[in-house]
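What follows is a set of structures for review.
In the two assemblies presented below, subunit A is common to both, partnered first by subunit B and then by subunit C.
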Partner chain A sequence: MSRAALLAAPAVLLVVLVLGAALLTALLQSLGLLPLFGEPEFSTAAWTDGGALVESAGVSLYIATTSTLLAVVVGFLIAAYALTAGRGGRLIAALSAATIPIPHLVASGAIGLLLTDAGFLARLLGMPEGFPQLVGTDWWTAAILEFAWKESAFVALVVLGGISRSAAALSETAATLGASARQRILHVILPLARLPLGVAGLVVFVYTFGSYEAPWLLGPVAPEPLSVRAVRLFGSVDLAARPEAMATALTSVGIAVAVIGLGVLGLALLARGSRRRSPRRSQQHSQLPSSRRSGAGS
Partner chain B sequence: MTRHRPLIRRRTRRVTLASVAAGAMLLSACASGAAIETAEFADFDAVLHAAEGQTVDLWMYGGDEQGNAYVDDELAPAAAELGVTLRRVPVTDTADALNRVLNEQQAGREDGSVDLVWVNGPTFSTGRQAEAWRCGWTEMLPNMEFTDPQDPLLTDDFGTPVDGCEAPWHKAQFSYFYNSETLAEPPSSLPELLDWAEANPGRFSYPGPPDFTGSVFLREVMISQAGGAEEIPLEFSEENFQEYSPAAIQTLEALAPSLWREGATYPRDEQALNQLFNDGQVDIGMTYGPARLTELVDSGALPDSTRIMPIEEGTVGNASFLAIPANAQDAAGAIAVANLAMSPDQQAIKADPEVWGQFTVLDAERLDSEDRNRFEELPSSPVVPDYAELSGNAHPELDFDWVPALDEAWRESVARR
Partner chain C sequence: MSALASGPARMGSRRPRAALSLRRVLPVVLGTALLIWVLLPLVPVALWSVAGEWRAPAVLPEAWSSQALTTLVSPEVLQAGLRSAALGLGVAVTGTVLGALAAFGLRQLPRTQARILGFILLAPLAIPPFALVMGANVLLLSARVPTFAAVLIVLTVTALPYTAYMFHVALASYDWRFEEVARTLGASPTRVLLSVRMALLAPAIARAGFLAFLVGWSDYITTVLIGGGQLRTLPMLLGSAASTTGGEQLTAALSLAMIAPPVILLILLARWGQRGRSPQ
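Moving on, here comes the complex of A and B:
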């Protein structure tokens, strides 16, 4: 074991222990083996209950995928603009970074006030009849916009942190050789940014997949994503709903872990591919994961 | 050297994994439930004696500013005179408090962090099912003598016998309100209200169950469709459910296209509905806490033209209570506070619309003339009529088991129409 791993071991062990106990308890509860009252009785009913679990998983996947795609595209554009547009670009980068400390709950509330049918934007425009319905729609528009807005800033930050030094130099060189802004973005910045984009996209996906506030505040009453369903069932006055709540939460954990596994695998392949092409570049890529934030405070 | 390393690594990893798994098993094994011993008190004096110096954590819905202010500014100072520190713990939903109690109970904690809960019927029934509440403590409260022991609102809570497991705090009456500026002639019964909603597309909605208020509306529609409160048995059974619920669900399904947003979605809770009402998107609102309306109008959360909509056939009424978890750490203090909260003095202060406006659980007949006058001289609200008028023709709540069954039926059909 390397020294770094040994140093991290106590903290990791503690986290794994607590997390493991929590997940195990959740699993036992979902199987009816740890009821709030009465005798434990093994049952898989919470897992096999109709299509509700599958439907919720589908909604969660839809929200997370759309939000991530939007956040990655917009985040990359912000980063590319910041790298190629000089002082104006730095201003945009600073503005987008400033949105990162805003908690999602506050951001969701703000988006809600802005976009509801009789919200700020509708009033600003004089309440036009044709103002689109964005909050509480079947397409989850407002929730996805909230995620895309907040997370694109995060993506931009990761990309800028990862490649700004090398990209600025290479981009300038390309410019002196006569490359247009478009060519610099597509042929210099995009290839460099692939790995940071992948890392940030993975973090954003897993975060939005498990996130509760935005879908709860800005989404429709039904159908509901896994997070909203889990919390609703957990707080239900019907105690028999507790196993279903745990099954829902565990489904969410399971999918997130699977996505992380696949994502890390994909990123490793991507890193190996680019290392083969350019040994110098990989050195700086290997520092990237350190810029990954902890999920909690975002 | 390099050849051996992977082997060692694999072995350490296996050992680590095994110990982590064992630790996790141990941690979750601690979570098995244990019977909780509750301290008993000989009489109320013993309670007061034990209560001195205790800190009571009162868990209550925190979204009601007047309620928060009443507890902080009136009830807590009065409790301090008994030597009890009253600490208000705000929660977004009463079920959160019960959840905390159940989780602590499951973990075998006997020094529970929840001492007193402002419960509603469903939470109380659920807690009784799980034996989460301390029982048989309300008979010894001196202030119980001011209540009517035959009052059905105080003997049963959503069909669950109270059995001394909770002390009454205030009465509530489900009420509709309307905007008198946009709606000159409001409907005067629930069937009329549904007809009006159909004739005025987009101007009505209700909070989506399992929200507490939306859930009440759903039951009111079921009772109305059955032809009135006398026509429907309070007891829940699968047959009763099959007989009475389909009419309600079909009515609401048929009504959905005429609702706000064509019924594609529903306001999340009472606050969201109030927001729509205040934005002028709907003309009618509803609440189980009409006492709050005065303050909501004063603060601008609802328009000045808000008025209570009298319903001919009457609406559902209930009482809300204070319950003590079986594992409460400061049970004596909690009992003392529950008694204090029921005193004529505190009930009169609380009934003032300027303070909180909650209707009293005390029986005027049983009060001395001085206390009775205090209630009679309370200022009246421009928005809300008095309790006697509001609760005319009132009917009791159905059994608790109706609640989750109907909510689920609504979610499965109307919500995903």
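Moving on, here comes the complex of A and C:
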């Protein structure tokens, strides 16, 4: 084995071992072939057990989709504001980035304190009669808002990291040429940000899809998303629940892998599309700053 | 904000006044909305952590108390904090070292091999953490790995995609000529590693280490599923406080205890990084 392979070996072997063992064990247990006690007996009951698995998958997909959409929209607004609003924009971008190290568990607790029936938001608004129930509803509002709050900061960070240099120059140029902030956001920043938004969106979707803390703390008791269902069944005293727990876990793995496959494919197409347009854009790019420079010089 | 207000609209075009003021008001509204979005969820945490009595319609606590914050220095919470710190540091060390080694190895491998191994290293990102832990738990239990070590192993696997990627990015712009020069000047391999490579890669080491620390420090699901409640870390205490009614003060205080160390660490790292970059 080469020296290079030896260097990579500890990390790669650790991942292969833990991941491989985890997936294999989960598969065997879901089929009844690796019971905690007693004789192994092949059974697909955990996989075909009514609509519970499908319902949980639906809940997980709903939470992940809405959270991702909200996070991408708000994250883009933060990034666009940071790029067009001067010092105020940079301040908001910095504050938003500072929330990234906050764990989801802490954020879930915080959103709980904010949004419960007599929570801080309701008190701020003077406890109005029609204040909607946000925590523990069938719409998962509080859990979705927790994800959107945490992940919008991540989206903004990815977008700003990816385009701030090119977007700042182009946006400034467009402003000199008379573009309004709205025009700059829609016609300069948004086209540049499409790829980073797509990448960040995919990461957020997969993360929220497999996340446990927010739906557990802020969601209703039933129906459960895949993560909450799997963890409940895994910890159940009823040992027969183990195959169902593993089937639920593997369902989430399968969906996550499929979404990543589709997402990467979509991102590759998006990247190719923007690369095809890029010769024209790079031409504009090289022209615009020079016209600005000559304008500034005159 | 001045950049938004300037531009042709101000320079004498005869737009109706309503449109002009909307143009000025909109950015302010958006900025305020975003500021509220970012900060509002943290306000109740800060208030509850020092609230004595705070009943429903009151917008601010009626009485203040340091009781919740005092519980943070109780032996139980301090021990949990130490366990979390040990887990964070453990994942930071193993995750950063293994990630760095892997990134160095991958660079020297043929392209196809490097791609396949890189793909394997990113794979944990695709697996929902709870699914990874549930499967791995059976193996770790049957191998009689102690709880703390088992949690550490699984969290290292979770952290490896981030650390390996950080070093991959850092190595892309790494200038190997510094090491060559040091060697020609007679530096030993150890000296080159410590004084040249580690020094030049210090920002990447800090970044990767911080991310890996966060993975260990803030983990909930892995500790719950593997530890089964035996390994009482800070997130365990927070989880049980947040899921009980009437636990607002404790939830808020424990939240602060979980936020403060990473933020302090981040500030220290940022200051240290600035000092490293400033000219002599």
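Just a few scattered comments:
Keep in mind that, in the parts below, the second predicted complex is superposed on the first by the 263 of 298 C-alpha atoms of A that agree within 3 Å, B and C clash if a C-alpha of one lies under 4 Å from a C-alpha of the other, contacts with A are read in each partner's own complex, and residues count from 1 in each chain.
The working rule: contacts are C-beta pairs under 8 Å (C-beta built on N, C-alpha and C of every residue); 3 or more make two chains touch, one makes a residue touch a chain.
On a predicted model such as this, the values are computed, not experimentally measured, just so you know.
A count of residues in subunit A touched by subunit B and by subunit C gives the higher number to C. Applying the stated contact rule after C-alpha superposition, one finds that A:Y81 touches subunit C and leaves subunit B untouched.
When both complexes are overlaid on chain A, the residue A:R3 reaches subunit C alone and has no touch with subunit B. Contact with subunit B, but none with subunit C, is seen for A:P220 once the two complexes are overlaid on the shared chain.
Legend: residue contacts after superposition of the two complexes on their common chain; A:A249 is shown touching subunit C, with no touch to subunit B. By the touch criterion defined above, A:A118 lies against subunit B and subunit C together after alignment on the C-alpha atoms of chain A. By the document's definition of touching, of the two partners only subunit B reaches A:Q133; subunit C does not. Judged by the touch definition given at the top, the superposed model places A:A98 against subunit C, while subunit B stays out of reach. The interface of subunit A with subunit B overlaps its interface with subunit C at residues 16, 18, 21, 23-25, 34, 118, 216-217, 234-235.
Remark: subunit C residues 1-4, 6-9, 23, 27, 30-31, 34-35, 37-45, 47-48, 56-59, 98-99, 101-102, 104-109, 113, 117, 120-121, 123-136, 138-139, 153-154, 156-157, 160, 164, 214, 217-218, 220-221, 224-225, 228, 235, 238-239, 241-243, 248, 251-252, 255, 258-259, 262-263, 266 touch subunit A in the complex. Of all residues in subunit A, only 2-12, 14-16, 18-19, 21-26, 29, 34, 74, 77-78, 81, 84-89, 92, 95-96, 98-99, 101-114, 118-121, 123-124, 126-127, 149, 152-153, 175, 178-181, 203, 206, 209-213, 216-217, 226-227, 230-231, 234-235, 245-246, 249-250, 252-253, 256-257, 260 touch subunit C in the complex they form.
Across the interface of their complex, subunit B is touched by residues 1, 13, 16-18, 20-21, 23-25, 28, 34, 36-37, 117-118, 133, 136-138, 216-217, 220-223, 232, 234-239, 241 of subunit A.
If you check the complex, the residues on subunit B that touch subunit A are 9, 12, 16, 20-21, 23-28, 31-33, 93, 95-96, 98-99, 102, 105-106, 122-123, 125-126, 129-131, 208, 210, 261, 264-266, 268, 276, 279-281, 400, 403-404, 411, 415-416.
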